[in-house]
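A, B and C label the chains in the order they appear, each numbered from 1.
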Amino acid sequence: MSDIEDRLRSLGITLPQPSAPVANYVPAVVAGNLLVISGQLALGADGKLAPEHTGKVGGTVSEADAKAAARLCAINLLAQAKAALGSLDRIERCIRLGGFFNTAPDFAAIAPLMNGASDLIVEVLGDKGRHARSTIGVAEVPLGSAVEVEGMFLVKA
Amino acid sequence: MSDIEDRLRSLGITLPQPSAPVANYVPAVVAGNLLVISGQLALGADGKLAPEHTGKVGGTVSEADAKAAARLCAINLLAQAKAALGSLDRIERCIRLGGFFNTAPDFAAIAPLMNGASDLIVEVLGDKGRHARSTIGVAEVPLGSAVEVEGMFLVKA
Amino acid sequence: MSDIEDRLRSLGITLPQPSAPVANYVPAVVAGNLLVISGQLALGADGKLAPEHTGKVGGTVSEADAKAAARLCAINLLAQAKAALGSLDRIERCIRLGGFFNTAPDFAAIAPLMNGASDLIVEVLGDKGRHARSTIGVAEVPLGSAVEVEGMFLVKA
């Protein structure tokens, strides 16, 4: 049992079954010592997008729900990382997260919401989880998810 | 004649003259074994943006045209890759595509449209073409292109 | 005194104190020979967002101000690079800039504005500054900044 798995357990997080590839792209690519993970939506443990995590942040989606949605995206990133790597212990560093929030017009307070994803990654990975990030508000996210988060990690080759 | 060039021919695809740098940026950078390509617009073989590939997806641009526009972006990525590498045979893997669709309000069905780019890359590169990707709907794309696609590849140094 | 520091001086640019991490993310990550820098806002040398660099490009923010804002973002990228690397001389190449403009509806002339960032990077880094880039117009940028620019660099390990 690894430290990281222990930390997931102590946080009460069970990684979901990672979503299967649905098209000619894959959830994650390992290239040398880089792991690049496709943008993850705020799907729950049941693989579905809950109504409170669907729609415009600052519109029908509350800030608390948007932050929780970003946390779900980060959990899904870790689920994809585990599927791609076999073990999360192969992660040496989370290099970067990109957060795309589905925002209502004139809602700019998105950086605190992205902390839902950033905090989860650091809670689970510790210092290895401290990452660079970019956060923007976008016009649309696939399926109307309130947020999408992509990730790049440094891994043991 | 390489396998990849053969596949392009059998698909009836002639790579266009890649667009020249128009400012203090370049179409592509090779850094170690990474090739990073600037966001490509849906320019046709004539280097122009056709009216049907210009404007808002879900507005004046149909879904079929948007998917075709994404395919054009992917062809332009390959044209830039060939110009940067000399030969597409130096590509070991398409690591990631980023797709930015110029969307009308409340049009969220963008993932299937991005398959226009993803399918082309896999048709041409085979298993080496299977990539991670992120797809978002944005407020504007340069020149009003219906879509912009950027790419990162693993290459032989 | 390095060439790059000389060039900054001759351009009359003093790198600002880089903004401190405000959450569970960091301004920059060095991973192997990659330096990935978080999206930088158009904060001035005083660490504040000036009114003329806040709001929608093509709306309340003029094109000249938006281009100047992109230049500020690039200066902030260099400040973060220097803080992360110790010296800008460790930069071998600017690989990629990503520019996210906070655009008013139907304002698509964003590529020339991004030259504010691209030109600055090349003025300071010379040929090492010639980068790939992607420019999009987005719905919102944190704090309402007119633009956000992220960067990836190749560095001496």
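Here, a residue touches a chain if its C-beta (ideal position, glycine included) is under 8 Å from a C-beta of that chain, and two chains touch if they have at least 3 such contacts.
Quantities reported herein were computed from a predicted structural model and do not represent experimental measurements.
Taken as a contact graph, with one node per protein chain and an edge wherever two chains touch, the assembly is complete, since every chain touches every other chain.
Under half of the residue numbers at the interface between copies chain B and chain C are found on both sides, making the touching surfaces mostly different. These two copies of the sequence, chain A and chain C, are related by a rotation of 120 degrees on CA atoms, to the nearest 5. Computed from the mean C-alpha positions, the centre of chain B lies at a distance of 25 Å from the centre of chain C. Contacts with at least two other chains are made by residues 138-139 of chain C. Residues of chain C touching chain B in their complex: 33, 92-93, 95-97, 101, 103, 105-112, 114-115, 118-119, 121-122, 129-139, 152, 154.
By the touch criterion stated above, chain C contacts chain A in their complex at residues 22-29, 31-32, 34, 36-39, 98, 100, 138-144, 148, 150.
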